[in-house]
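Worksheet for the structure shown next.
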């Protein structure tokens, strides 16, 4: 953890009414096995190799389970299972595929508490978020795409659009189950079969999802889960019998995959990094803007590709806004992810904590002023205080590089034009925020910003009907909505 | 509550002295306040509503909530007997448990003030009286002032006035302002002290959150000691977002002027769970400074029994039932 | 007195930023017809010419993407009008470039004119077929609209029926109809119709820089476009499938560095028939879907 000097936050004095611990029961996560193999062809199977990885609870550093490091052979088996299943799955009437997806959506709803707790334990994110955001969105995503399965003729891609075949999908650790849903639901609805590799720090909910596929009676091989690190991912994305690659993760890895696939006929969709500007004008609804800024950067510990990590504030309200923001940050509750009152949980891994720490140190070294509210952090586990940097310029690393943590860089602007220039001055283009009460300025700004998602007077809102994805180096293709079908259809 | 009494009506500090110098300046000021995004405000209130208040925190909050209640009866059918019964309940909310705290005030119509005052003699429970032709307020100003003065003369410690929503909605802010100043004046007693003034906006009639923020500032500038959401007599009464917005207003007012104003949501708060949500909002928006009956009240009646049942559950470990709390 | 006077040869030039520069290299290369007969000297565009063209294309993005879709449609239609007047000239150039008869060549030019008309009509409909109103589960207005990607590098078709002009138009028109600007590596062996197109574009109300045409070695121009960090998309219509500089694989690898949107070349370019109905793939490939959320409340 950082050892920088902290200044006093202008927060409401609190102490009279302190919340007693309100822990969710870890037992609600269901039984976690001591070790896991892959899910291939409808069965849980051992890896062909002997290498095992460990997933830890980032809030305690305790090992939760071992799981297999997928080998080339494992990937081969999984792709073969998916290929075998593709014939029947793609030939199934859309209305039947739809019913499987509806079943999955319903079982997820039924088991949402279990999945939420398991996700919190494996990922470190607060139960309030897994319960109120992740799981409802996961179920909604399956529900939404279920309905598309027998309506593809009307999706605007011509009559009888065809699936691509076997989809190789690699997902990140920040929203493990939600990213799984974003990948698997549209792929299955359109008649593809999948091999999905969850992130190596968060494999548990994907493996639990495999059980749900079995409960739903999903035909064997339609969904295959192969665990492992980047080596397994590379084996999957480069496999010659994979027709479609979908990746969500960092821009460097996305770039490597794009190179790997050059010259192939594989369809590729990438959802990569971001460095979103959250732009606050002097006529903004201030209290809601403060909430939006907090939600923009501290939601999910800032492990969000579309996080509003650059606050662009109009100079005329800088002091007022920062006072309000600091006051609000002082009320954020950092700690046990399973406590229902926790706002900010654990950083997902030691490696990620090291990166956040390193970039924050760079921010200080480059002359930005660091501030974080006083808050006690647990002894074990990976933690980082919600942190604010002021006096940041566009040249600073903390204004250019994706930190993927609870660290906000504050920059200022004087005019809308300057705000747009600064906001767009990045190779990324995933999201942006605008805060102003003036309607025509919102529309003008939204038009100028080079970002795939623009949140005006709100931030970090997601919905299965709403396309999500980036401009420029934030990737290509869209997930969600009618647009999300295109990535899995031969069009 | 002497902080507020020391402040001259309509003469807030913090550079706001001239705000009400004219209709135009008052309007400019109120319309220059930051806007409120309804969806964001409601989302914030809803999120705070998900706080899980357990064990010791719950015990603290239940007792705090009881101590903040303006136990209210405002019926055309009110009688002296009914009011005396309510006062007994307020003094000793749980006959089986003398450790249960007293309520903050008994809130009645002006003609019941003397009865309540007598029934509460020897306690520090306040008598609050609605006035100014509550709830509609549609009478001439002299009648409103007489109504107020009558309640004060009968011994009211606190006056809950209603603003002229018609004037507010038609943009005559200065009329609303001047009326509050006049009522505040009517709250004065012969001995130079003054009844505490709560200003009710009837937020359900103001419709928009922008209006609620403007009304809050208008009330505070005019000398309100408390700002209060509702009469309890219209379809929409206190809601968490409206109350949160008013909490933000008193926070900002204190930051700008140094003057602390109280907040009273009223109407529709019936369960312990509701009350917890409000207290969480106070806690996370304003903190310790407002966590007392001096600065936060619940205008409620049935809330008390639910709090008492929950309190019994915490004490005994068993769920209580309506037969084990008194109906007054 | 002889029956005919000596004809005036045309000096072919690049088309960059609405102007007709010679190559900065000061060099030309010989262009021959399908039988090897010398036709003209074409400017040998270089990496630097390509860079200048990207600058011009970037400068034009704001105005072109920012103009109304209606106006873009008017401009594209104007191109068709201008082309109609020079039909015979293009027919002659196409006949020589592709080694086909004049009647067939004229039909290809007619098809190219029709293609401009087709895309002229698309400009103000793209957003309606590619956009959507999204019924999110909450109090939000949510709208997805397509926006142009920006600067697109185009490797013009080098083979297939009608490649030299109809094929060229079929890759330029959809990109600019959607509001992008383009830098085109003209077909290296048959650049003359492309260079002549510049003359049409210059007189068609098309703002300078929206279309930039470079003749020269594909192996110089295409990799420059593919690796240029200020190019947003790449249409590899005419990129050769073989290994080596300027080949599709290499270009795709270069494009991956900045994650450009790429249209891969057809598996078998030689059998392509550019007279086929174009569909919407190219029209929709260089678009970015932008989704805007706003709360609904009073």
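Labels A, B and C are assigned to the chains in the order they are written; within every chain, residues are numbered from 1.
Operating definition for what follows: a residue touches a chain if its C-beta (ideal position, glycine included) is under 8 Å from a C-beta of that chain, and two chains touch if they have at least 3 such contacts.
None of these values were measured; they are calculated from a predicted model.
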_Graph shape for the chains shown, where an edge means the two chains touch. Line, ring, star, complete, or other?_
complete
*asked:* Comparing the two chain pairs, does A-B have more C-beta contacts than B-C, or is it the other way round?
replied: A-B
_Please tell me the distance, in whole Å, between the geometric centres of subunit A and subunit C computed from their C-alpha atoms._
37
*Could you tell me the distance, in whole angstrom, between the mean C-alpha positions of subunit B and subunit C?*
70
*CA centroid of subunit A to CA centroid of subunit B, Å*: 44
*Residues of subunit A touching 2+ other chains?*
457-458
*Would you mind listing the residues of subunit B that make contact with two or more other chains?*
37, 39-40
*What residues in subunit C touch two or more of the other chains?*
138, 140, 295
*If you look only at subunit B, which of its residues touch subunit A in the complex?*
34-37, 39-41, 43-44, 50-58, 60-61, 64, 245, 248, 279, 283-289, 291
*Quick one: which bits of subunit B touch subunit C in the complex? Just the residue numbers, please.*
37-40, 42, 207-209
*Under the touch definition given earlier, write down the residues of subunit C that touch subunit B in their complex.*
138-140, 295-298
*subunit A partner contacts - residues on subunit C that touch it in the complex*: 129, 132, 134-138, 140, 142, 144, 149, 232, 248-250, 252-253, 255-259, 261, 264, 267, 281, 288-295
*What residues of subunit A sit close enough to touch subunit B in their complex?*
11-22, 128, 132, 283-288, 291-292, 331, 340-341, 437, 457-458
